[in-house]
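Down below are the structures I want you to see.
In what comes next, chain A is part of two complexes: it sits with chain B in the first one and with chain C in the second one.
This part shows the complex of A and B:
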C-alpha cells in the first residue's frame, strides 16, 4: 500500500498559523499543546531588504522511526500507511521517545498531574473516516502544507527545486534525514537557519538500537547463561574429585562440632 | 575469630544508634516531597523540560544499578567460581543489592508521567526497546534478590525446613540472577545507543552496553570494599582483610579490560582526535578514565594497597567516583544541550533522592541489627569502642 507523505514549502508559508488552530480543533487540544508549531528564521538582512521565513513543523513520520524502536510499552507504532501512531491508553510517560527522536517532536504535558506525550498522528482518525487530508493540510490557505502519496510528494519537491533553482536551496529535508521520513521540506534558506535540528545521517539510529537489543542482549544473555552453567558444573566436578579446604567449610565443621558438644 | 553474633529482639529499640533516627527523618521528609510531586505533576516540581526530559533521577538510577552490581558479581565469584572464602560478604552484599534495586524502582515510579500505569511494561511489551528490557530484568532480578536474601529471614525465625529447600535450589536462582544482571546492566548502556543525535561522540558507542556491563563489575567490587568499611563504623564488624585482598586482585584485570575496550573503541571509530579537541568534554572524559580506571588500576596492582584496609578503601573510592561520573556524564553532562538550554535539578528532585537514599541506609541498618546479616564477619576492636557504641551494641557484637 502506498504510504502517505507531506510536502511543506517554507517559501509559501505566511505564518498565519491557521494550521495550529486546525490542529487544536481537530485533535481537541489547547493551543498551547498543538501537535504542530512554527519554526522561523527571525528577521534577517539590512533594512530595507528584510527577510523572514517560517515553516510549520510536526512529526516527520520517519520510515524507520527511532521513537517506535525505543518506546517501552509499544505505544508508538508505524501503521500500514507509514503513519507513526500514538496510543495514549498505553503510554506510561517515561519520555524515552523524547530522547530517541532526532527531530525533537514528542512533547510532554509537563503541567498535568497524570501526564502523557503529545505527538502528531497525521489525523489518522480523520483519514480513516474517509477525509482526504489531515486538518493542517486541509486548512493551509497558501498550500504550504501539501498532502498526498509519499513518492508523489518527494517527486514534487524535486520538481519545484528543479524548476525554480533560485527560489530554493538544493536540499529536500526528510529525504535522507534519520533514514528517510514521510514529511519533506523545501526552503529558500538552509534548514539550520529555520531552527531545524541537523541530522545528516543516512540510516536511522533505530537500526543500531535493534542491533543491541535484538542481537546484542540475547548474545550476552546466552553466553553468560551457558558460560556460568558450564563453569559451575566443571568446578563442581573438579571439587568433588579433590575437595578443597575453604574458610566456609572450615567454619561449617567448627559449627557442627560445637553443636555436637 | 568469632562467627556468631547475637541478633537483637525486635522490641529492643532503645539501643539503636542515633543516626538511624536522623535517617528516618530524612526519609520521611524526602518521601513527602515525592508525594507532593505525584500530586502537583512533573512540570511544577522538577526542572525537567522538553529538551531535558530526564534528569538527576535517571543518573542516580544508572549509578545505583552499577553499584548494586555488587550482588551479581559476588554471587558469580562465590557460587560459580567456587571462591568460597568470599562467602562472608554474600549476605551484606545481597542486602545492599536488594535495597539498591528497590530504590531504583521507587525513583522510576516517581519519574513516570503516568505512575498509575507503571505495570504497563508487564503487559505491553516492545521487544526492541532497551528500557523495556531494563524494566523487565530489574523487576525479575529484584524478585530473585528477595529469594537470595530469604535464608536470612528463615534463619531468624529458625525455619530449618525452608532453609534446606532453598539451599538445594539456590544455584539455579544464582545463575538466573547473573544472566538477568548481565542483561540489564548492558541494556542500560543500550539506552544511549538510540540517542545518537544527543550523546557526545566521545561517549557514543555501539558497544556502550558492554562498557556498562564491565564497569558494573568494577563498581560492584568497589561497593563491597567501601561497604566493608562502612560496616565498621556502623556495627564495629567487617569482612576479613583476606576477602578484600582477594577482591582487590580481580580489580586490575577488570579495569584493564575496560580501559582496553574504551581506548580500542576510540581508535576503531576514529575518535581519538576528539580527545584533544572537545574542550570541556575532553577534560570530562580524561577525568572519568583517570580517576575511575587508571589510578585504581595502578593502586590495586600494588600488594601493599590490597593488604591494607585503609589503602584498599582509597582505591575503591576512586573506582566508585569514576564510574559514578561516567553514569552522570552519559545521562546528563554530555547530552547535547539543544538551543543552549541546560538542566540543573530542582530542590524537590534532590530531596526525593536524599529521602530514598536515606531510606536505603535506614532499612539496611535496621535489617542488619535485627537479622543475621553480618554473621560471618569479624569484630573490629576499636580504642574508643565504649565511647562510640552503647553498651547494648557492644554486647551484641561480641562473639565467643
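This part shows the complex of A and C:
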C-alpha cells in the first residue's frame, strides 16, 4: 500500500498563510487553535544585505511515530495510508504524546476541562471524499506544499537538490529524522535557522515507548492530567486582563444618557 | 430632547445578527432547490458549486463545498485563469466574511447622531422609500448633480453606473485615483489601452517597481512569478522595504522613495545610448523615439545614482541585462502607483522601456478587458444629458483623466469647499471612503456637510457607521452578479447559499431603488436570473448550463497566434512622445521631476499591502485576524536605537494633517529614511467588533496631493515624525498564534 507524503520547499514559500487559513476552515479548527504554524528565519543580515525564509509546519506523520507508541489509550494511530490520526473520543489528555513527539507537534487545548489535542490528520476526511489533496497543498499559490505518494515526494526532494545544489542545502528534513517521516522539507538554509526542532535522533524511540505504554500507566496519566488542567485554569484566571469594553456596553451608555434627557 | 424610539428598537449588535441569522435559516432553501434540480447538490443539499471570489478585485474562480445548506469550504477553481486551482488566504477565509457575526442583515435607519452608531431596523420598503424620497428631494431642490455616487470596482458596477447616469448626476467617485490612475492614464497615453496583460510563460528578466506580488497577491500572477523565479528568471525588485517579494527576488534595490523615475530614465539612457533597443519594433510601432532619445540623453546612470541611492554600475548593468533579454524582458507597470506626483512620468518611462525592447507579443499583450460584445444586455433608454460640471474637475481641470476613473480626493475636497457647487447627498456602495481617502479628518468634514448619506454594504464598515441609511447587501456567496468575461470565457458569480436575513443582491437593490426614483426603464430585468438570461440570450446557452459549469465559452475571442495591434492613440502607434500631452501644456516626453523630500527629523511614510488583508475591507474577518501580524509601524532598527525606541514601544506618528498611536516594529527590513505603516487598520466603526481597536489608520496621516495629469493621489508624499510615548490605552490585544512557540 502506497503511503502519502508532503514535500515542503522553503525556497518557494512566500509566507502568505493561505495554508493556515485553509486548514482552519477545512478542519473546523477553533479560533484559538491551529494545526499549522509558520516557521521562519526572521529577517537576517544587515541592511541592505538581508534574507528571510519561511515554511509552514505541521505534523510530520512519522513512519513509526513516537506519539502513537506513547499513547496509552490508542487515540493516536497510523492508518493504512501512513496518516497519523487522532481520535479525541479516546484521548484522556495525558500529554505523553506531547513529550514523545520530537517535532513539538501535539498542542493541547489547555482552556478545556479535558485537554485534547488538535493536530494535522492530512485532511483524511477530505481525501476519503475523493478530493486529491489536503487543503493546505491544494490552495498553496506557489506550490511550496506538494502532496503525493511518500516515495515520489522523497525522490522529488532529492531531484531538486541535485538539480540546484546552490539553491538548497543538502538535507532532506524528515528523511531520517525520528526514523523517517512522511513530510519532507528542503530549504536554502539549515533547518535550525528556520526554527525547526533539532532532532539528532535517527531512530524513533517508539520501540522503547511501547515497552512502557503497553504495560500501561493510564491511571497515573489520568491523575496527572487532572492536576495539570487545574493549574492551567488557575494561572489563566490570574492572568486575565480587564475585559475590553463591548459594543453593547457603549450602546447602553449612550442609551441611558438619552433616557435621562 | 426626547425620543419616541424605545430602547427595544435599538440595534443590539451581535444579538440582533444571530437572531436574523436564525430566521434566514428557516426560509425555504431556494438555492439548494435550484442546485439540486441541476444535479450538483445531492438530496441532502450537499455538493460543490462553482462561483467567483470577491475578497479582492482579482476575482478568482472558486468551488464552494456546501453541506446542509451551509458553505463549509472554498477551493480555487482549476478552470479559472485567475485562480488556477488556488486561493490566497483572503479567498480561503471568504466564508467567514459571509458568516461574520457582525453582518448587517436588515436595512438600518439611523436614530442617533452621525457616528454614534445608533440605528433601528427597518423593512426594505421603508428604507428604500426613505432613500428615494430623500434623493428626489435633493434632485428637486438642488438638481441631480447635488447627489454624489461612489463605488469601488465590482462586477455589478454597470448597474450602479446606470443608477447614477439615469439619475443625472456627473459626480462619480471610484477608488482608482487612490490606486492606479498613474498607471492607467500612462498606458492610455502611451499604448492607447488601460492595462496590457503580462505573460510570464517566456519571460527571462523582470523589473518590479514596487510591485509586491508576494504580498499584494493576484493569485495566478503570484503563481506565475513564483514559477518564473523557480525557472531561474532574474527578478530585480525596487522597494524601500525588504518585503516578501524582496526576499524572493534575485536582486533587491532599496531605492529612495520617489526616485524610480530617475532609475528608469537612466535605464533608457543606457539602452538607447548603446543601441541595445529593438530598432525594428521601434520603427514599425512607435512615434517620438527621437524626442525620447534626446530627452534621456540628459540622464546617465552617474546622474541617477546619487538620486536613487543605487550605484551607477548597478544601473548600467541592469540596463544591459534587460536589453540583452530583449523581447523576453518585462518591466512590470505596477498596480498601486499612487506614490508621488511624478508617478505618472515614472509609468511613462516604464511603458517606454517595454516598448523599446519590443516585448509586445512575448511578455506583454493587448488586454481583452472586462467587457464582451458577445453578451446581451437588457434594453434601456439613453441617459439624460448632464450639463453640470463634475465636482472632481474631470475633465474641465483634468482633461486626461477618464470619466470612469475620476479623482476621488478632489471630489471630497470640492464637497468640503462647496466649490464649484455644494452637493447634498451621497450614495455609497461597497466602498469605505472614510478609511480609504487620504486625510480622514477632511473626509469626516465632508460627511458632516451632507444632508443625506446612504451606504450599501454587508457590514457596518466605517462609512456605513456614519451613514443615515444602511442597505444590507448579500455577500458574494449569497448572490448573483452579472457575467464577467475573462479571456474567451465569461464567468458566473452565483449564490452558493441563501442570503442570510434580509440581505439582497446589488442587482435587486439598484432595480428596486431605481423604480422608486422613476428610473425603472434602466433596470429592465425581472430578477437576477432574468438579467443573466438576457446576457446569455445571444449565445443560445441556458442559465442552468452556466450555473453547473460556472462559465460560458465566448465565441471568437482570445485567439492565439498572430496578434493584431490596435494602438488606440492619436497617432495609432505607441507614443513615446505625446503631442496630445504637449498641446495641453504638459510634458510630451518623459523628463525628471524632482519629488519633495522629508524635512529634518521626518520620515517618508510608506504604505503597502499584506497578504492576509484587502485594503480596508477584511480586517474584521476572524480567520484573517487569526493569522495576521499585529499591525505596527516599521522603523529601521538602527534609527530606532538612535532615537531610544525599542521594538514593541508605543510611538506617536504625526504628519501635518493628523497623528496616530501605534506600536513600533524595529527591523532591518526598511530604509533608514522611511517608516511603513501596515494599512487598513484603525477602524472607527464599533460595529466591526473584531477590527475595532486594532492598529492605526494611515489615512489619518496622508496629505492630499493630486497629480495634475493622471489625477493620482500621491500617497507617499506624506512625511511624518515619530516619537516615543507611554503605553497607549484602549487597545485590544492582538496575539497572533500562527508562529510556533
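Basically, the second predicted complex is superposed on the first by the 207 of 261 C-alpha atoms of A that agree within 3 Å, B and C clash if a C-alpha of one lies under 4 Å from a C-alpha of the other, contacts with A are read in each partner's own complex, and residues count from 1 in each chain.
Just so we're on the same page, contacts are C-beta pairs under 8 Å (C-beta built on N, C-alpha and C of every residue); 3 or more make two chains touch, one makes a residue touch a chain.
Because the structure is a prediction, the values reported are computed rather than measured.
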item: Touching partner for A:8 - first (chain B), second (chain C), both, neither; value: neither
item: First (chain B), second (chain C), both or neither touched by A:104; value: both
item: First, second, both or neither for A:157, with chain B first and chain C second; value: neither
item: Which superposed partner A:50 touches (first chain B, second chain C, both, neither); value: second
item: Chain B versus chain C as contact partner of A:122, first or second or both or neither; value: neither
item: Touching partner for A:62 - first (chain B), second (chain C), both, neither; value: neither
item: Chain B versus chain C as contact partner of A:93, first or second or both or neither; value: first
item: Chain B and chain C contact sites that coincide on chain A, given as residue numbers; value: 104, 244, 246-248, 251, 254-255
item: Residues of chain C that touch chain A when the two form their complex; value: 1-3, 7, 10, 12-15, 72-76, 85-89, 91-93, 95-96, 112, 116-118, 214-215, 217, 219, 222-223, 226-227, 230, 242, 244-248, 252, 254, 611-612, 622-624, 626-627, 636, 638, 667-672, 686-687, 689, 692-693, 732-733, 737-740
item: Contact footprint of chain A on chain B as seen in their complex; value: 3, 38-44, 48-51, 53-54, 76, 79-82, 84-85, 87-88, 111-118, 120-121, 124-133, 135, 171, 175, 178-179, 182-183, 186-187, 190-191, 193-198, 206, 208-209, 213, 240, 242, 335, 338, 376
item: Residues of chain A touching chain B in the complex; value: 66, 69-75, 90-96, 98-100, 102, 104, 107-117, 197, 199, 201, 205-206, 208-214, 216-217, 220-221, 224-225, 228-229, 231-232, 235-236, 239, 244, 246-249, 251, 254-255
item: Sites on chain A touched by chain C in the complex; value: 12, 14-18, 20-22, 24-26, 28, 31-34, 36-40, 43, 45-48, 50-53, 57, 104, 135, 138-143, 195, 241, 244, 246-248, 250-251, 254-255, 258-259, 261
